[in-house]
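Shown below is the structure under consideration.
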Amino acid sequence: MSESVLIQGAHLGAVRGERILFSEVSLSAVSGEIILLRGKNGSGKTTLLRQLAGLSEPQAGRVERQGRHHWVGHTNGLKAHETPRSHLEHWAKVWGSNKSIDGVLEQMAMTRPADVPCRMLSAGQKRRTALGRLLLENRRLWLLDEPFNALDTDGQTLLANLIKTHIQNGGSVIAALHGAASVEADREVTL
Amino acid sequence: MISYLANPSRFMGFSRRAIPIAGVLGILMVGWSLYNGLLVVPPDEKQGGDLMRAMFTHVPSAWLCMGLYAGLAGSSFVWFIWRHELADVAARAIAPIGAGYTALCFVTGAIWGQKGWGSGWHNLILGDSRLMSVLILFFLFLGYMALRAALETRQKAARAAAILAMVGFINIPIIKVSVDMWQTTTIHQPSSVLSIGNSEPRSEDSGMNPVYLQQLLWGFGGHSLLAAAMIMLIMRSEIHDQRANRLLAQKLGGS
Amino acid sequence: MTSSSPILSAFKQALSEAWAGGAGLMLPLGFFAGTTALVPFSVGSEAELLSRIGPGVLWLALALASFVTLERVFQADLEDGALDIWVQEDASISMIAVAKTLAHWLISGFPLVLLAPVFAFILQGSMQDLLTTMLAYGLGGLTFFLWGGVAAALSASVARAGLLIALIALPFYVPALIFGVQTVNDGLEGASFLFLSASALFALGVTPAAMGAALRLAAD
Amino acid sequence: MSESVLIQGAHLGAVRGERILFSEVSLSAVSGEIILLRGKNGSGKTTLLRQLAGLSEPQAGRVERQGRHHWVGHTNGLKAHETPRSHLEHWAKVWGSNKSIDGVLEQMAMTRPADVPCRMLSAGQKRRTALGRLLLENRRLWLLDEPFNALDTDGQTLLANLIKTHIQNGGSVIAALHGAASVEADREVTL
Amino acid sequence: MTSSSPILSAFKQALSEAWAGGAGLMLPLGFFAGTTALVPFSVGSEAELLSRIGPGVLWLALALASFVTLERVFQADLEDGALDIWVQEDASISMIAVAKTLAHWLISGFPLVLLAPVFAFILQGSMQDLLTTMLAYGLGGLTFFLWGGVAAALSASVARAGLLIALIALPFYVPALIFGVQTVNDGLEGASFLFLSASALFALGVTPAAMGAALRLAAD
């Protein structure tokens, strides 16, 4: 695995129930690359992404990762009692990051609801909070599952710009997406 | 009077004057009954000697804690039906005071019952139905406050707590009956202390010393005024806190 | 649209939910057996003592089962959005809530009735009046679950409501507990059985409205 | 309220925390109309929709509804242990509907995962199951909160067609949406 | 990156979660007081009987508190996706799980230690050896919560796990229960205190790996 290959999955396969979701899927991401996972509902994008992230053990094949990555899945990972601020502070502390939380909140346009408990937030505000985690620490690989869901048009532009900047800085993104993408893919993997 | 005060600003005006009056008067009356009760009236050897002087706090607080629960349920009902914000503020203020008087009733009862301390004191609480009812009342207050604290949206907390208070009130007669039944069929009681707390001095017609009765009534009146003053005090600070919200709601044209 | 069919469906849905929740009847049976088995360890195993406190312990286990079972019932409905759909039904949400509560009682509380003979034997309770005991556990458990349902509905939107539900429900459990214990002692002829039935009926009458109001509130 | 006005909200207002989310919002839907709620994340679309549905008590104003409506919110209303089939059967029974469940499953392209417990379904499959409820009973008003979320492109076309058919049959839809709409709105309400 | 800061943050997060659950310390205190108050109703109020079973009842209440508290801890993490993020951390998920469990013990189990003097008095326990009693409740509760945490992690992906957790955890509670009860009787000098400490240490040593493995499994 060369220096700039951030992740490499080889011959991956997944079985659910009595169904082979996918098999012999190989993909790798080098720095500066955007890879989009495409496919119908239930085709296995989430499953593949979780295998790549190390959340789920592949039924076949293997995954090698270089360094750490960020994960934003279908669920946001927010606790009901947390506020956006306390959520970001918490993970910043876990990751030993010293990014300014206020800065991140501002960047995600979450200054106003920064201190409202997450269970009261709107769907898009929850998503923005979760995406804010991406900015807490520099990690070259981002694994995102339908990240544009629930975002308003401003939010979608915002995220597209974040991704572009991340790529320019030598990062890489693997994302599952439906419909027209707001970001240009270097490669698409269809399941 | 109640409907007159249902307007928050009228309440604020009224309470500003009423709190000092009720507070001072209450303290004076409580003080008077305590002075007489503790120092002047003769001790009743049959009821625990000097320990029975706790009675002048115990009985008023026993009456009050039940009255306060009724008040809690009543204002919850008013709020639930008519959505008078003030009724909710009142309910919220009554709860800690009610819990406090319930605790006071216990402590003073315990002091009164001190004679049996050590050997069977706990049995007084666990074995006596009246005390058990008070204990349950205490848990009702506690549950009410815990529920309010757990739901942090004010509107939600108010509605949930009101439901609990009303349901609790309906259930009180049943609790009462059950606890009474339970006591009568409990097999044996170490009798000496209980017979005092339970039967003999219970009512005036069984010959309560009029000297005692008079001080009891002073104490009861005084504690009632004091409780009212404390409740209004809490209500005032509550209303101050909510002023911002109320202004917003008024701007919206809502209630 | 008839009004019984939503309630029946709610009952069936809750029944299969409770059943799916874990291994069907084995779980509540194991639970009652397990908690009861802990008792001798904690208070010592003298036969005389156990026989005196035995029935009481079963009542506590029943109360415990009701808390543990009901904690999630309405909270899950709130989180997954099922409550939103129920609240908009013509059928009153009160009846739905009662149906759900009864279904959970049937799965998690009723097994104690079936186990009563076994436990009566193990815990040295008297074997004479089994029918009474079973009726008492049935009615008492029903009452517990109904009041527990009110507490659960009231705290549905509280993230982790376990202890809160227990604290709120406790005062309401007292009558059924007292009358239940006495019924086991006095038999069906005693007044306590009447009172036990009355308190179950009372709970059946009062709790639906309270649960309904609490659930509407939780959805808001 | 005339015969064909299906829902009418007048002078609606909502306060959350110390913030006025919206006030003096009035809207009504007559049969054959599509009304889209627009606005940024956290602007109050969900809140308004819940007031219209009778799920949430308006802090100001009032709502009048004519007949019953269908609701599909941010959450899908699926129980973890249910399968798509048992979910639809359940609500069909509650509503006294005798629609063929198999037909509905087929229409939503959910025949294959029809018997998989909902907790194992993919995000889009869950959404499809929830949307399947719309077909169980004819109700003239549909209240939908970001219904296109998590659907793949086929699913989005499918739902757009369902909505069009519903409108042609004299129904009405009020939906909160972000981004370009796959359906043409008769009116947009921006919060 | 040091390895202690994630664990500390997890501990703090869980602490504020447990605290947010409702009303801070009032809740566990009320819970213990309430469950204890139910006992006389169910077994009768004779002084001699109560004093014999009193401490045992507190142990049961402690076990109950651990079930009720832990039921949702990991399940919620799984549902809201927080578990996914934790599992991918460098810091071992085992340590995180232990930190969370300890935080919940501190809020929901430790208050019994503080209340021990009061309860010992009301329930007629001996007042002589308070320190022993408090230590026993502390160590015993810790052990209960750790094993309860394993059960909770194992059943995290089961929809309604309440009874299941209880059933899984019960066998593991027995040693701590037995030694705890004996410690209260025998005092700190007795062998049982040693055994109690040993079983707490053993739990501390074994449960992290078990919780970690169970949680990885749940996330998969």
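Note that the chains are named A, B, C, D and E in the order they appear, and that numbering of residues resets to 1 at the start of each chain.
One rule holds in what follows: a residue touches a chain if its C-beta (ideal position, glycine included) is under 8 Å from a C-beta of that chain, and two chains touch if they have at least 3 such contacts.
The model shown is predicted, which means the values in this text are computed figures rather than measured ones.
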Fewest touching-chain hops separating subunit A from subunit C: 1
Chain at maximum distance from subunit A, centres defined as averaged CA atoms: B
Highest C-beta pair count, chain pair: C-E
Centre-to-centre distance between subunit B and subunit A (centres being mean Cα positions), rounded to whole Å: 56
Centre-to-centre distance between subunit E and subunit B (centres being mean Cα positions), rounded to whole Å: 35
Inter-centroid spacing, subunit E versus subunit C (mean Cα positions, whole Å): 24
Multi-chain contact sites of subunit D, meaning residues that touch two or more partners: 74, 79-81
Per-residue multi-chain contacts in subunit B, two or more chains: 136, 139, 142-143, 146-147, 150, 182
Numbers and ranges of subunit C residues touching at least 2 other chains: 17, 20-21, 76, 79, 155, 158-159, 161, 164, 167, 170, 174, 178, 220
Footprint of subunit B on subunit C - complex, ascending: 150, 154-155, 157-158, 161, 164, 167-168, 170-172, 174-175, 178-179, 182, 185-186, 191-192, 195, 199, 202, 206-207, 210, 213-214, 217, 220
Residues of subunit D that touch subunit A when the two form their complex: 16-17, 39-43, 45-46, 74, 112-113, 116, 120-125, 127-128, 146, 149-156, 178-179
Subunit C - residues contacting subunit E, complex: 17-18, 20-23, 27-28, 30-31, 34-35, 37-39, 41-44, 49, 52-53, 55-57, 59-60, 63-65, 67-69, 71-73, 76, 79, 108, 155, 158-164, 166-167, 170, 173-174, 177-178, 181
Sites on subunit A touched by subunit E in the complex: 53-57, 68-69, 71, 73-82, 86, 90-91, 93-96, 133
Complex interface listing, subunit E residues touching subunit A: 1-2, 5-6, 8-10, 12-13, 16-17, 20, 76, 79-82, 84-85, 87-91, 219-220
